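Before we start, here is the structure in question, set down as structure tokens.
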Amino acid sequence: MPILTLQQAVCQHVRDGDSVALEGFTHLIPFAAGHELIRQRRRGLHLIRMTPDLVYDQMIGAGCAGRLTFSWGGNPGVGSAHRVRDAIENGWPAPLEINEHSHAGMAAAYTAGAARLPFGLLRGYLGTDLARVNPSIRTVTCPYSGERLATVPALNPDVTILHAQKADRAGNVLITGILGAQKEAGLAARKLLVTVEEIVEDLAAPMNAVVLPHWVVTAVACVPGGAWPSYARGYYPRDNAFYIAWDEVARDRGRFASWLDRYVLGTADFADFLAAQRAAGGAP
Amino acid sequence: MTASADGGPWTPDEMMTVTAARMLWNGCVCFVGIGLPSAAANLARLLHAPDIVLIYESGTIGTRPGVLPLSIGDGELAETATAVVSLPEIFAFWLQAGRIDVGFLGAAQIDRYGNLNSTVIGPYARPKTRLPGAGGAPEMASHAREVFVVLKQSPRAFVTTLDFVSSAGLCAGGAPRAGGAAGRGPQAIITDFGILRPAPDTSEFVLVARYEHVTVADAVAATGWPLGTATTVTVVPPPTTEELTVLRELHRRTREAHNRPVQLPV
Amino acid sequence: MPILTLQQAVCQHVRDGDSVALEGFTHLIPFAAGHELIRQRRRGLHLIRMTPDLVYDQMIGAGCAGRLTFSWGGNPGVGSAHRVRDAIENGWPAPLEINEHSHAGMAAAYTAGAARLPFGLLRGYLGTDLARVNPSIRTVTCPYSGERLATVPALNPDVTILHAQKADRAGNVLITGILGAQKEAGLAARKLLVTVEEIVEDLAAPMNAVVLPHWVVTAVACVPGGAWPSYARGYYPRDNAFYIAWDEVARDRGRFASWLDRYVLGTADFADFLAAQRAAGGAP
Amino acid sequence: MTASADGGPWTPDEMMTVTAARMLWNGCVCFVGIGLPSAAANLARLLHAPDIVLIYESGTIGTRPGVLPLSIGDGELAETATAVVSLPEIFAFWLQAGRIDVGFLGAAQIDRYGNLNSTVIGPYARPKTRLPGAGGAPEMASHAREVFVVLKQSPRAFVTTLDFVSSAGLCAGGAPRAGGAAGRGPQAIITDFGILRPAPDTSEFVLVARYEHVTVADAVAATGWPLGTATTVTVVPPPTTEELTVLRELHRRTREAHNRPVQLPV
């Protein structure tokens, strides 16, 4: 488990066309990694994420994706993910095929992936149109009760990228707080990249904390602030103002492109991005 | 804002929030979404239901936030929770297992049986408006013991035919719901005109209560299907001073917290 | 969630013939509750436990059980569970029907039970005779790959009994250390009884610790030492000497009966039992 | 104790433990059972494999106990682990997912294809001797990349036909294993005579190495099936002084710890 720069990690481990899951439910969203994928101009990615919010709004708006597997796509508490909408509604900047689930279905699919089962099982999608538009939602019959239950195919991303609080020098990773489906998405992946707030001598993980052992982690990169404008418990809070202000930026293709050029494509790395945002007063 | 609902010295949102809060009881286990349901559930907690159990789908169980979260996974939800579990667990062990008394849902469209659309306006493959999608709604609609829908009434939202069924309502004619659903489905719609409940024989939502400043005719006009009414349409008492004071104070604290500038990480 | 004495909790919530799971994998084994079931002379129980070790050796030897669902029955690190063997081999003191699984199968069955799915899914029992002797082990066909996977029916005990470190006055329960399938067995049950080392004002649970909220707990009883001779992390270590010495006691029906009469049936409660064992120098 | 294996200034258990330890490499992810495998895995960790990852089925991942545990869930396994997870998780996310390099198994009986019986001697419904049962073995046999069996050789243990298959070995004639198994199954049997490995063409276990003080004929005599041998049967080097010293010191510390009287809780 090498400790790399984020540039190296993305360069070495993410290929055009890969299926890539950036997980983190509101908390610990790997924005730095998303930006690095944009900077390295990855194309045709199959992006996977329960909640394609701002990080995928940015990546999809930047043209990284050809496909999206998701269960809820918006700006949480604010409104639409305008760049995701523009891709689905108008194919801009590139057509986006969608594979749509419910949260419970996605969670079951990651869990199955982590367990290397071919499918996840749930009492789900009852009476909805989701199974009609997504042929991957199927059923099995319970061998005891005869009841039909919903199935979803396991998700096994080529690469999962997480942001976490800490890693130690061996590459053991500690996550605390709201966990989302990060552990399941991480263990479901063929490769697991993790950005962290800091690298420490001793994780000092509480008993039963979520620790991903170094030997399931492909690479770690230290990127302080790497989840901003989402948050990292114990490090910095969620920047709600950025989420609110993003609505205006993302509504307009031109304004979005300017933002992207200036802050992501025009910066060398995430530290540079944060410096540029700080200079702009934190507003996008 | 619906003009007709705007009669008191309170906003329609406040009236809806107070009405929803009153429907929650002490000890109720409530699966809360962001926005008005979150305000209602926390208002109930601060008033008559101090032991209400609030669960947000981010995995925070028994949370007691001091201010309303902007997102479903704000840090304070975790810090004040009894337990913080993973998303797969919250959906499998808590929602699907039938441990939720009340789930709140919103939507872009609703039909007379409480089916909800939060996915798309227009055809799925060629959307007029792509909405965020179903999220946790399909399984909440199935597995919460009952579902309360919070939605402002208008002919565009209360429609005869949904463009897409994101989460299932009741079955026409009072027939039993799909096998495997742990819950009874939508049992109330709280609107800016009043409260709709399913008629027991038909499962069709009808107006059972209205706010003081609106008429039944106003509510019918704001509904895309021919809205029925209960034999007696009761009047929802207006917000009390205490309800309004506590709600406004909660919103004030929330605004203050959310407007506090965040130092960018260095 | 009332706080009861263990006598009250067992008296009110466990009936003859109930299916009862006492879980805890090596750690936090609810011995006190097992003894109270013996004292109250419950009969015909369907006992469920991944590892029927000493606690079930005692209960089965005392004649509480008519059926056993399990995956490994022995004295860990020592040898046989002689009373369990005597019941299976010779029907003494009562015939014991067995429903045998692997650990992975039992774990999947509890997990399904906690999620109120009718069955659990695993890649398991491949090439073994277990499915031949246990008709409840079946298969489903993956609707994607066509692969056949093993299924086990969900376990939903009438009552699950756990031992934990702490509860607060509201009845929220904290478990730390080796977790076994305690959370899953607890959430799978219709009723959940928990004995704890102590009742505290503030659980002080670490973030992401295993906490069972009060509203899924049927009753809590405070029984210090209630897991002895197994252990409670933070309170007392495993009494390996007792496990080793148990082998001799349990080998012989007469000696076992004397032990049971003197220490369990002859004591008023678990505090009394511990006092008697202390007086005997800790040996059974 | 097998007399023939008792030739050195060490016990057959020591020889077996050292032999098993040598088969583990640095960085190897090892699913460890109690007893000899646990001693072997920890011996390897203290000698040539400091970064071996030890997983006990009690959910302790990356554990580094100072003394050997008596039970699979001794407290020290948790205190020294990188992560402590639930049992359902250890079986689903770690074993079934194919993350284990080597799993150790013992048994009461083994056949020439490495099928194991740890369930019953005699008929299942009318047992002569009821054994503890399969526990974690069936899925370890399927999903660990390879399985090492540790078992003393005798005609009663190395049998032609098992009374019960608790965990699956290899398929006769080198055929592929059952679909869904992530691993290659048993790849070595470490006995008190030496090491057996499957012949590639038949999958039948044959003697590939013997200890210094035993003969091939001894091993054949201790086997219930007509034991084949590899073209060359190598000799396992005897334990080095370092191996014996470290192992004995580990056992001494373990005895001391386990004999320390435990104060009964008050």
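In this document, chain identifiers A, B, C and D correspond to the written order of the chains, with residue numbering beginning at 1 in each.
Operating definition for what follows: a residue touches a chain if its C-beta (ideal position, glycine included) is under 8 Å from a C-beta of that chain, and two chains touch if they have at least 3 such contacts.
In this text the structure is predicted, and so the values were computed from the model without any measurement.
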By C-beta contact count, A-B versus B-C, the higher one is A-B
Expressed in whole Å, how far the mean CA point of chain B lies from that of chain C is 41
Distance between chain centroids, defined by C-alpha means - chain B, chain D (Å): 57
Rounded Å distance between chain A and chain B, as computed from the means of their C-alpha atoms: 28
Any chance you could list the residues of chain B touching two or more other chains? 78, 84-85, 92, 96, 182
Give me the residue numbers in chain A that touch at least two other chains, ranges are fine. 116-117, 122-123, 147, 149, 177, 179, 184, 207-210, 233
For this structure, enumerate the chain pairs that meet the touch criterion. A-B, A-C, A-D, B-C, C-D
Partner chain C, residues of chain D touching it in the complex: 34-35, 57-60, 69-75, 77-78, 84-88, 91-92, 95-96, 115, 119, 124-125, 127-130, 132-139, 141-143, 164-169, 177-182, 258-259, 261-266
Quick check on the complex: what are the chain A residues that touch chain D? 114-117, 172, 184, 187, 205, 207-213, 215-216
Note which residues of chain A are touching chain B in the complex, please. 25-27, 50-51, 70-74, 76-78, 80-81, 84-85, 88-89, 100-104, 107-108, 110-111, 122-130, 133, 147-149, 177-184, 224-225, 228, 231-233, 235-243, 274, 277-278, 282
Where on chain D is chain A touching in the complex? 27, 29, 53, 61-62, 78, 82-85, 92-93, 96-99, 182
Interfacial residue positions of chain C with respect to chain A in the complex: 116-119, 121-123, 136, 138-145, 147, 149, 151, 153, 176-177, 179, 206-210, 233
